[in-house]
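You will see two complexes here that share chain A, one where it goes with chain B and one where it goes with chain C.
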Partner chain A sequence: MTQAEIIEKINEFLVEEFEVDAAKIVPDANLRETLELDSLDYVDLVVIIESNFGFKVVAEDFINIHTFQNFYDYINRKVEEKNATA
Partner chain B sequence: MNNRVVITGLGIWSCLGTNLEDVKNSLFTGKSGIGMDAERKAFGYRSGLTGIVEKPQLKGILDRRARVGLSEEAEYAYMATLEAMKNAKMDMSWVEQNEVGILYGNDSSAKAVIEAIDIIRVKKDTTLLGSGSIFQSMNCTVTMNLSTIFKLKGINFTISAACASGSHSIGLGYLMIKWGLQKHIICGGAQEVNAMAFGSFDGLSAFSVRENEPTKASRPFDKNRDGLVPSGGAATLILESYESAMERGAPIIAEVVGYGFSSNGEHISNSSVDGQIRSLNMALNDANVKPSEIDYINAHATSTPGGDFAEAQAIDAVFGECNTMVSSTKSMTGHECWMAGASEIVYSTIMMQNNFVAPNINFEEGDEASSKLNIVSKTTERNIDVFLSNSFGFGGTNSSLIIKKFK
Partner chain C sequence: MKYALVTGGSRGIGRAICVKLAEMGHYIIINFASNTEEAEKTLAMVREKGGDGEIMKFNVGNQSEVETMLGGWLEKNPDKCIEVLVNNAGIKKDQLLMWMSNDEWNSVLDTNLGGFFNVTRLIIKGMLVKKYGRVVNVVSLSGLKGLPGQTNYSASKAGVIGATKALSQEVGRRNITVNAVAPGFIKTDMTEGINEKDFKQLIPMARFGTSEEVAEAVGFLASEKASYITGQVLSVNGGLYS
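Let's turn to the complex of A and B:
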């Protein structure tokens, strides 16, 4: 899966599952504020990531994810790590 | 304090229809909502018969946060409550500024619980259940979700009383308003309809196996009945004090005038004629009406051999002299279990509003007890001023409600 494909997949589930306006998803936008995430929503984000990419996010990892770009980079890195160990 | 308690809103989501108008037509024409669910047979059920209930489509109506916590039965309850609040003329801005409560009957959320456990077994990780699982899984799934969605600020809890849950919710709402503790309460009952919900009930051989004739399977009081048909959905009633309803110009549909209850103190699943008679008499005393003043009885009768036999004896003991019209709408709906006590008030109130008694379909021949009753097997156009509705549940919990036309 290329980075572009990963970004496309992420944007797709954010629009579908979190019902965010696609136009608001821009790399520098704040993830939490744009998606209006509360503590319960983070649990659902963990579930969606696991079902789409096959790994589980640990809560601490979210600390350093501020923007959509941070989020794409994080998922991309974890997918690469997963592929490397496969 | 002795406030008058009125009904200002009704809402229904059942196998007879998903709005009051469709349900009225089904009741009038004696339409059955029963069908077959092949999944249940494959799953190991003795009977695949069930009420066929449409699933609500809530995307676009409710936001994601509200939707993820809703169990199947809470979705039905949301739709029924939306309809009830609309016809009670209770909009969100009014509700937010007033103390509106909720007392709702529900006694399981099996599908949500089982699906969650299945995920844990496979994933070995509870986080992967997602945030909604806990709010879907608890018995109070309906009240916890609806109180949040509708921003309710009054009394807020669930009544779990087996197949009398919905009826007791109305009874308790009535008492709270009568005694001046609340002015407006959303009451009702909800019942999930899926293969996970009824397996243990099916295991008692309580369900009809007349699978070749689904619409004829539920036949309360009929001599050839062979068991009940499980069903579900949700029914909501808006109860208010008379003063409150008048103050806000709400349409008053009917008045709750009597609530009777009892516990059999006997067998866990067998009915008790004595327990039912005590419930009936308590309701009549509370309403201060004589048996002869009841125009119609919506019986609990589920189509089981033992249960219907006992209820027929109880009704005969109290109403024997009066030739009161009796029917069980479960002949059309099947047994809506936790929801039944509320839905049957909705069904009977629709009849009261439209001057007819819905038929006890499939009643062809009475048995030793039911042949003594005036069972209405064909739609009968008749004015109803006062009706009584019975609900009985496992553990010997009994509830009887009396509703009067508002004058």
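Let's turn to the complex of A and C:
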């Protein structure tokens, strides 16, 4: 999966799951504010990530994720790590 | 195939729950801590009902055992989702608080409250992905009312009741319900030392309950029909305490 494909996939499920306007999803926007995430929404987010990309997410992973770009980078890194060990 | 895990399923209330869930069409994973022979007997009873299942030995209070055995099963069976979890495993070590040893306190808390955590944490993920699940925790009158000589047991069961209510709010929106059933005096090995005659005057229904009567309540809360009931504690106690 290329980085562009990953980003496309992420945006697709964010729009569907969090009912957010696709136009609002831009790399520098704040993830939590744009998606209006409360702490319970993270349950949904983690489940979606794990079932779409097949790696385990821990709470600490979110500490440094502020923008959509941070989020893409995080997923991308994890997918690469997973592929490297596979 | 609908999978159900019942902890402490080898005897007593746990066994009756295994049989009930088998009748409801579930494949039963019967967890037990020590008595393989009794667990096999439960499995035979499940099969007599036309159901099927397997036994799985681990101590719910031992985090690494839970991760190895149950975690191992989940890893080996990624396509199978446990949609009913009954946290039933429990021990009691009664003693007045002033004489209670560290072990009497810690072991009861580790098994009854820690066991809930160790097992549920592993199972809930699959339910969240599937957007369906039923968690039923077997607690006790002791956790609602408190019983003298059982500060450890009462604390552990009250702890599970709190956890039931909290978890139900965390996972409700993904169509997972979390409830508790609180038996009163039930005829099992656990109440063997208690004289029914001494207590039945206190019970409006004037008798001890049976494991099957508890299993009926668990079966209902574990069914699809109990779809809008969550975070609740259902007492099965013959009217003893409400």
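Keep in mind that, in the parts below, the second predicted complex is superposed on the first by the 86 of 86 C-alpha atoms of A that agree within 3 Å, B and C clash if a C-alpha of one lies under 4 Å from a C-alpha of the other, contacts with A are read in each partner's own complex, and residues count from 1 in each chain.
What we mean here is this: a residue touches a chain if its C-beta (ideal position, glycine included) is under 8 Å from a C-beta of that chain, and two chains touch if they have at least 3 such contacts.
Note that the structure is a prediction, hence the values are computed from the model and not measured.
Per the definitions stated earlier, placing chain B and chain C onto a shared chain A by superposition produces a clash between them.
By the document's definition of touching, both partners, chain B and chain C, reach A:40. If you count the residues of chain A touched by chain B and by chain C, you find the higher number for B.
Looking at the shared chain after the overlay, A:77 reaches neither chain B nor chain C.
In the overlay built on the shared chain, the residue A:17 is in contact with chain B alone; chain C does not reach it. Stretch 164-172 is the one among 56-64, 92-100, 110-118 or 164-172 where chain C clashes with chain B after the superposition on chain A. Comparing the two interfaces of chain A, the one with chain B and the one with chain C have residues 40, 43-44, 47, 50 in common. Against chain A, in their complex, chain C makes its touches with residues 125, 128-129, 169-171, 173-174. Partner chain A is touched in their complex by these residues of chain B: 63-65, 68, 123, 125, 127-132. Of all residues in chain A, those touching chain B in their complex are 17-19, 38, 40-41, 43-44, 46-47, 50, 56.
Every residue of chain A that touches chain C in the complex is listed here, in rising order: 40, 43-44, 47, 50-51.
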